[in-house]
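Order as written gives the chain letters A, B and C; numbering starts at 1 within each chain.
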Amino acid sequence: MRNENEEEKLTPEDFERVTIDAHHSERIEKPSLSFWQDAWLGLRKNKAAIVSMVVLLLVILMALIGPYLNGHAGDSQNLRHANLPPKIPGIEATGFFDGDGKLAGKTVNLYEMKKVDEYYWFGTDGLGRDLFTRLWEGTRVSLFIAFVAAAIDMVIGVAYGGISGYFGGRTDDIMQRVVEILIGIPTLIVVILMIMIMDPGITAIIVAITITGWIGMSRIVRAQTLKYKSREFVLASRTLGAKDGKIITKHLLPNMLGIIIINTMFTIPNAIFFEAFLSFIGIGLQPPAASLGTLINDGYKVMENQPYVLLFPAIVISVLMIAFNLIGDGLRDALDPKMKD
Amino acid sequence: MSDNLIEVRNLKQYFNAGKSTEVRAIDDISFTIKRGETFGLVGESGCGKSTTGRTMIRLYDATAGQVLYNGVDVHAPKSKKENHELNRKMQMIFQDPYASLNPRMKVLDIIAEGLDIHGLVKGKTDRKQRVIDLLEIVGLNREHAERYPHEFSGGQRQRIGIARALAVDPEFIIADEPISALDVSIQAQVVNLLKELQVEKGLTYLFIAHDLSMVKYISDRIGVMYFGKLVEMAPADELYRNPMHAYTKSLLSAIPLPDPIYERSRVRHPYNPKDHQYGPDEKVEFREVAPEHFVLCSEKELAEMQATHV
Amino acid sequence: MTKILEVKDLELSFHTFAGEVKAIRGVNFDLHKGETLAIVGESGSGKSVTTKSIMRLLPESSAEYKNGEILFEGRDLTKIPEKNMQKIRGKDISMIFQDPMTSLNPTMTIGRQIMEPILKHQKLNKSAARKQTIELLNLVGIPNAENRYKMYPHQFSGGQRQRIVIAIALACNPKVLIADEPTTALDVTIQAQILELMKDIQKKTDTSIIFITHDLGVVANVADRVAVMYGGRIVEIGTVDEIFYNPQHPYTWGLLSSMPSMDLEDQKLYAIPGTPPDLLNPPKGDAFALRSEYAMKIDMERQPPFFKVSDTHYAATWLLHSQAPQVEPPALIIERMKTFKGSRYYVDQTGGTV
């Protein structure tokens, strides 16, 4: 309101009328970004999630190739080589992982004592099995169980929740009562019963984890379905004559995918943890099969004298849990900013 | 063929019928819409105007009554083909431009959805060309086809919604508060577009809104709803010149106009349903007070209204 | 008239993923005691951000005050510490939001919600505060206040909730009341009641009101003065009569002509073409030029300064420059100008042009 004295510098040409193409202002300057591209941009800024992803990929890679790296088989027993501490070539000179271990209260180099020329990178257990190989075999089993369990949870949960929410009414009532009954039974009891009926093993554990695990996913998917099915774009599709299948696959699922992925990312570490827990209390995998849980169980028994048996599986399981949770958090922030608070 | 495209007869829509939570969203309303005309439905939130539109297009099943489209009851069971055909002829434009477009789909696929469902195009290039034509009809252009809804402003989104409805070549469009979420300057764009399309394509509209000044502008005839009932129905000018029902009067007197001098002297007439003081055996019905002008009233009120009508 | 609030050259930006959004690009206005200043504009014009920046309600992580000051009682609200701001918020300046349901806490009785600011700012004891609460509820027209102040928000209708929100805002006799689209979520009949209530209260308490809305009808009803915002700037400011009967900026012309008037017959509505500018890359000159049929070369290059129309009326358009060609406003605007003394189209009673 104060400056109105710029008369001097202006020429009559400045005041020539110009015609403007009205369409010009309809132009959108921003580059076109799909939802997923946008989410990736967001995720890329989250350093913790990116580091976690790299670490996770490394762990998965090791789980795949680790067992073949040092030539020892995970199930070959060699009692002469039992209870050896870690010895890693190259690092041994620094004083760490040089094969020194305690025997009757004295520090001695067990490799020299037992005249072992080979290197056991992470040591051996009481039966002389190479722990490095067993660790990655165990990681592989644990990850396999977790991924399969999470996938089954996702499929059942999405289908159940989707049907319940989409068709609503009596269908929804009955399906929700079933869920409530299932939730009322303590999981551990169901699991122990399952394992009593079935042979303990990978299948039994997967069944045990999934038997109630999908409920969380189904609830989330049901709530999302209820939210989206009354959205106007779904109504519009119905007025165009779209069939239920089309509405579900084209309108509902793409909008829920973000939340489904996020939820799955949190299911995986839970499954790893649950498997470890079952194996630890002795109703999970049975020897000689290895999983992170059985390895931790083995290590826990000899924690005082051979702490390295416990150390490595414990580190791997912690890293996995942290990595999955950080990735899950990062994905949540990137895919569904509203859920942050 | 009669010239009534739509006939709504004693339509009722009760939610939770029979329970203590029963809501009579639509309580026995009847009206007709002539071919090529715009029928405005106004009322305040919760009066049932949106439910009326949604029941007419079969998003809800009616509790009782009929909606006749070209003489055919839309709610009666029909063959797949007939259903399909009806879906194509009746279309809807929604209120919220942010909720009415699927955020995960490209504009191209949003507009083409109806084309796909009804098999109206052959091949990808034809599909794209049709979408571009539709975009141009609503004042957008080809470069918008590959974009996602969140990149558009409210008015542009609403025009995409219109293009989606137009894609299947409908005869009758229900516009459910299509402008109430838009800015004033954008409202005019959308209303003008709807009017142009009506002339070009001979469309019939049901225009649902709470903004009476815009409804008056776009509609030929207007129905006023209050708590599930139609209380007054008349040609647009007649309704504004001669509002008869006390509720219509209160509604009209409450609209602020962009005219400070008028605003300083505007008198509001509050409406209280108790003021009617209907006797126990008085029949309150929809009666014709003047030609084409119907009011929900008792016999006594009818006489009074006819006496004062100019 | 005493100035109660002064906003000077305010510039504010949001930092987003996509870059810096220049939401306010130099806003100036004064608020006088006891007046209602309406700020009108479209969504994204910066009207809401302007008032939120006065209240300092914008997220500190992304919003940045780039320039300018907001003077309230001699203090610059953009610079004082948050602790002092808390004392001003709710006591000296309070705010009413659009949606009455989300601005009330559903788990607290409305009585407690009204009492909260009274207890916090006025240091009254409980019984005195309760008495004042009931008085406030009576003031905003909630009948049977003694019993109803123990009720929860969901037990009230939308209009009544907005009355309660107003009661909370008025609890400490604020000097400035900021109303951000307070009637947009309400029905017309309820809107009329709330507007009457606000005018009534203003008469009783002499509070200054900043009223944000996009509805020109509401503006005509409540405002003493009007500021029209576009693209993060005020483009025209003046008394309500000056803005409605002698508008100067093409944007104001467009806004006023795009409303259907009740007695206008089947004429085509005037629609402003295009969409509002993207404030991520605001246009160089007059932000409205790209949508204006009155655009001139200079509009594309330089932002217009404010030109004085009268002591109270300023407009930022190059059309008012002495060298600019005289243009004919849209027909509807000429109709309006005919009733305004001092406009070049004024027609007096006898019919002669002045």
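Annotations for the structure displayed:
Note that in this section a residue touches a chain if its C-beta (ideal position, glycine included) is under 8 Å from a C-beta of that chain, and two chains touch if they have at least 3 such contacts.
Note that the coordinates shown come from a computational prediction; the quantities given were computed from them, not determined experimentally.
Relative to the C-alpha centre of chain C, the farthest chain centre belongs to A.
Here A-C and B-C were compared by C-beta pairs in contact; the pair with more is B-C.
Our note on geometry: chain A versus chain C, Cα centroid distance of 50 Å, whole angstroms. Per-chain Cα centroids separate chain B from chain C by 31 Å. Among the residues of chain A, those in touch with two or more other chains are 23, 26, 30. Touching two or more other chains at once are residues 273, 275 of chain C.
In chain B, the residues that reach two or more other chains under the touch definition are 156. Taken in their complex, chain A has these residues touching chain C: 1-4, 6-7, 10, 12-20, 22-26, 29-30, 41-42.
Within the complex formed with chain C, the chain B residues making contact are 44-45, 153-156, 183-189, 191-192, 195, 210, 212-214, 216-217, 240, 250-251, 253-263, 266, 268, 270-271.
Of all the residues in chain A, the ones that touch chain B in their complex are 23, 26-28, 30, 32-35, 231-233, 235-242, 246, 250-251, 254-255. On the side of chain B, the complex with chain A involves touching residues 54, 57-59, 83-84, 87-88, 90-92, 94-96, 99-105, 110, 113-114, 117-118, 139-141, 143-144, 146-148, 151-152, 156, 161, 164-165, 168.
Here chain C touches chain B in the complex through residues 42-43, 158, 187-192, 195-196, 214-221, 223, 240-241, 244-245, 254-256, 258-262, 264, 268-273, 275-276, 339, going by the rule given at the top.
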